[in-house]
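Which chain is which? They are A, B, C and D, in the order written, and residues in each are numbered from 1.
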C-alpha cells in the first residue's frame, strides 16, 4: 500500500480530532508543572495544520507537510507547537518532490518527524520529552516491518510502544522547559509532551484501521 | 480581577494599537501584523538588532526599539513567545545588508522560535543572523562556566545587553563585533529579584501563585517561576543585603571594580521604594570599594502588576562604559549622552 | 503592610538618600537638608523655577528638576507640605538674578507655605518671586471662570505646566513671560482620574480608604480625596469614555483643535493597561476631529502603589507646541527635541 | 501688670502642654473629615515654639515671638502649623523692639495673631476655621478691659467666648482645607482648627491664673 498526499491530509485530520478530544487530558497533565496550555496549543495547532493541508490543492507530499507545519507554527508558537511544526516541516523537506511513499517507508516518515523535533529542541532520549514517546514507536514500527507484518499490525504495535514510552517518562528527570526548572520534583510526573507522542500514534493506528476498511 | 482592560482576549492587540497610536513617528508595524514592531526610522548600513518575547513585561521588549538601541521586536501573547514567522518578518524589515542580531531571553519557547526564524532568514531570504541569549538570573541555575550551557533565565539584565549592543550597532560596527559586545555584556551581568505579590494573566483571570500578606519570595522569576526561598516579610535593607550577597558571589568582584546598577520595579512597586532599595545597594558597593559608574532606577522588565523588584549589576570596563554612555531615543526609554 | 521599606519614619529621607546616590551629577541638596533639592547644573541668567509638595507622588515633584524643566524642589513628608523655610532655601539657591517662579498644586498647606516662602524671599533676600497654582482636576470643583478662585486640586496636568514654563525659562524669557506661559497652560489643561485600589502612607500603616474587589471610584484625588462616583468595575473603554466626557465638556473643544495627551499611571497600574487606555482616548479624539499633537503615557504623578490612572488634555497652540517639543534632561524624565 | 518676654515664654510652655494633653482630642476631631494629624502637629508645633523661646536669651518680645513662629513652621508645615506660625510671626513683627506690653494691650497681642493667620490663610469669619474660635475671644477681651475688669476676669471671659465660638462652628459650611471639599456634609461637625483656638484661650486663662498667684 501507498501513503499519499491525500493520506497525509486524512492523518492530519485524525490528529486534529485526537488532540481536540484529549485537550482536557493534556491541560491537566501540563497543569501539574507547566502552564496548562498544552491542550489548547495542540488542538489549535493540529487543527490549523489539518485545515491548511485540507485547504491546499498541493499534490506534493513534502510541500503539503511543510505548509501544514508552518501553519501550526504560526498558530501556536509555544514550545510543543513549534516542535510539532518543526517535525512536520522536516517531513516536508525530506519528502519534497514526491506524491507518495510506500507503507514500508512510514518509519522514515516518523523518523523525519523525530529528527525535526530533535534538531529544533536539542533534547536527548531520556530527557523526559516528546522524544521519549516517539522513539520507541519508531523502533517498534521498524521491527514490525522487518518481520513482514501487515501495516495494521505495525500501527498497533507502534501505538502500544508509544504508550509504554509515555508511561516510562515517569521516573525520568526533566531537563527542558518549565518542568526542567523543578529538578528532582519532576521525576514523579508523566511528561505531557510524551503524551502527545502517544496520542499521535493512537491517531496513526486509527487512521490505518479506517484506511484498511 | 481589577484590571483596566476590555475583553481579555483583546488585551495584547489593544495595547499594541495604543502604542502605535501614541507613537506614530517612532514605531511602525510590518506585514499588517501589530505583533511585528520596528523602528520607524531606518539607519542604512547598520546591523539590525531584533528582540522578541511574550507581552506583559513593558517596557520590555518592544519599548527598547528606537534610535541607539533595537531595530525591531516581535511580540507574543502574554508570557508567550511570538511565532518564528513574525520574527522572520521583523528580520526582513530591519536587515540593512549588514545582517541581523537576535538578542532575547533564555526561555524554551523563545529559543525554538528564534532558531526557526534564523533558519527561515537564511533559507528564504539569505540574511545572516546571529543570536545571543541572555540568562542573567542568578537565582535560576548554576553559575556560568566555559563550555557549559547557561540554564539561567533572562530577566532585567538584558536591558544592558540591548543598551551596549545597540550603541555598538549605532556606531556601524560589524555583526561579529556587535555580537561580541552582546556576549561580553551577558558574561558580565547578574540579576536577582524578589516578588511580593503575583500578577494576573488577563485570559487566565486569577493570580499565577499566592503569597500571604506577610510573605515574599526571593529569586522568583518574572513569570512567577519558583525562586530560592519563600519567607516572612523583611525590611528593604535585609532584602537587598540577601540579594546582593548572591549577586556579588556569583561573578567575583574586586575592590575598585566598576559597575552599572539597574534597580527594576516589577510593575506594582512605587518608585519611592525602588530608591530606598538603591540606597542600600549603593551602601553595600561603597563598603566593598566597588564604584558605581551609572545607576538606572525604574521599570525596565515588569510582570504587569506584580509587586517586587530586581537588582542587576553589570561589571564594566572602558569599552562598556563608552557604550552605556551613548544616547538613546525610544518611546519608552530615552537617555542623553553622559 | 507589604512595603519595601525600613523604619516607616525614615521612608522619605532614605528615599532621598537613594536619589542623591543614584544621580550624583544631576541633583544636589542645599543647606544640608535632603528635602531641598536643586539641579546640580546652573544656568546663569535664567528664571529659576521651583516646585514642592508632599512625597509619595514620584516622579512628581522632584523628578522634574533638571535641564529644560525645573530648577529646584522642596520635599515634604508623605502627602505633607514641605516647610516655608525649605522652600526659601531652594529659592535662594536657584535665583540667578532673574527671579523665581513657584509652580505648585492647589492644596491648602502648600499654598500657605509657598506664600510664606515668597514673603521670606522678598523680605529677607530681596528675590522677586511669582507664583502659579495649578488646579486641573475637573472632578474637584466648579469650572474655572474669570475672577473666580480656582478650587480644583492640582494633579498630573501640572506636568504640562512644568514642561512649557521650563522650556520658556530655558530660552531665557523673563519672569513675567515665563509666568504668562505657566498661566496659559493652567488655563488650558484638564485632568480626570480613576482609582481602583488605595495606597498606604508608611507611617499610618493602613490603607487610606477601602474599595471592594469589584469597585472603582471615578474622580478620586491623588491623596484619596473623594471623587465623583463610586461604582462597579467597568471596562477600560467605558472608564475612558466617562472621563473624557467630563474633560471635553469642561473646556469646550472644537473640531481641528490640537491637544497634547497625558495618560498617567497612579503607581500600581501596568503600562500595558495605560496603553489600552490611550487607545480609547485616541479613538474618541479622532471621532471628534481633535488632533493629537503629542502623547505621553506612563507614570508622572503617582500615589505610591495606588492602582488607577488619570487622563490630562492640554489644548495647544503654536507657542505651546514649540515649548512642548523642546528637549528635557532630568533624572526622571528625558525628552529629545521633537 | 505687664506682659513680658518671660511671660511669653511661659505662655508658650502652657500652650505646648495644653496641646500635648489634648492631642488625642484633636486627632479624633481631625479624623472625622481631615487627616488626623492635628493632634500631632499642634503638640509638636507648640512644643518646638516653646523650646525655641526657652532656649533663646533674646529679651525682645517681638523677636522671641517671631523666632518661636519660625521654629513652629519648620517643625510642622501642615495647614494649622503654618497658620499658627504665621500668627506668632505677626506678633513678632508688631512687637519688635519692645520687651513688654501692658496687660491692657493683650487684645492687640491676640489681634496680631488673628491678623497673621488671616492674612496667611485668607479665610473670612464664618468660613468655619480657627478664626471663628479666636475672634469672639478677642471681642470678649476688649469689652472686659473696657469695663475695667481685672485681667483674671478678662481671661475667664475670653476663654468662655472661645469655647462658644468653637461650638458655634457646628452648623457652619466649611470652605477651606479638606473639610472644604465635603460641601454640605461639613455642617454637622465641629471645626478642629477652632478647637485649637479654644485650647489657646483655655491655656491663656490658666497662664493668667498661675501668674496671679
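To be clear about the criterion, a residue touches a chain if its C-beta (ideal position, glycine included) is under 8 Å from a C-beta of that chain, and two chains touch if they have at least 3 such contacts.
As the structure is a computational prediction, the values presented were derived from the model and not from experiment.
Listed by label, the chains touching chain A and chain D alike form an empty list.
For this pair, chain B with chain D, the centres built from the Cα atoms lie 58 Å apart.
Once the centre of each chain is set as its mean CA position, chain C and chain D turn out to be 34 Å apart. The distance from the centre of chain B to the centre of chain C, with each centre set as the mean of the Cα atoms, comes to 29 Å.
Shared interface positions of chain D, defined as residues touching 2 or more other chains, are absent. Among the residues of chain C, none is found touching two or more other chains. Taken as a graph of touching chains, this assembly is arranged as a line, each chain contacting the next along an open chain of partners.
Partner chain C is touched in their complex by these residues of chain D: 35, 37, 70, 73-75, 77-79, 82-83, 85-86, 120-121, 176-178, 180-182. Across the complex, chain C meets chain B through its residues 2-7, 11, 14-19, 21-23, 25, 55-56, 58-59, 196-197, 199, 213-214, 216, 233, 235-237, 239, 261, 267-279, 282, 292, 295, 297-299, 302, 304-305, 307-309, 329, 332, 334-336, 338.
Residues 76, 79-86, 108-109, 112-113, 115-116, 140, 151, 225-226 of chain B are the ones touching chain A in the complex.
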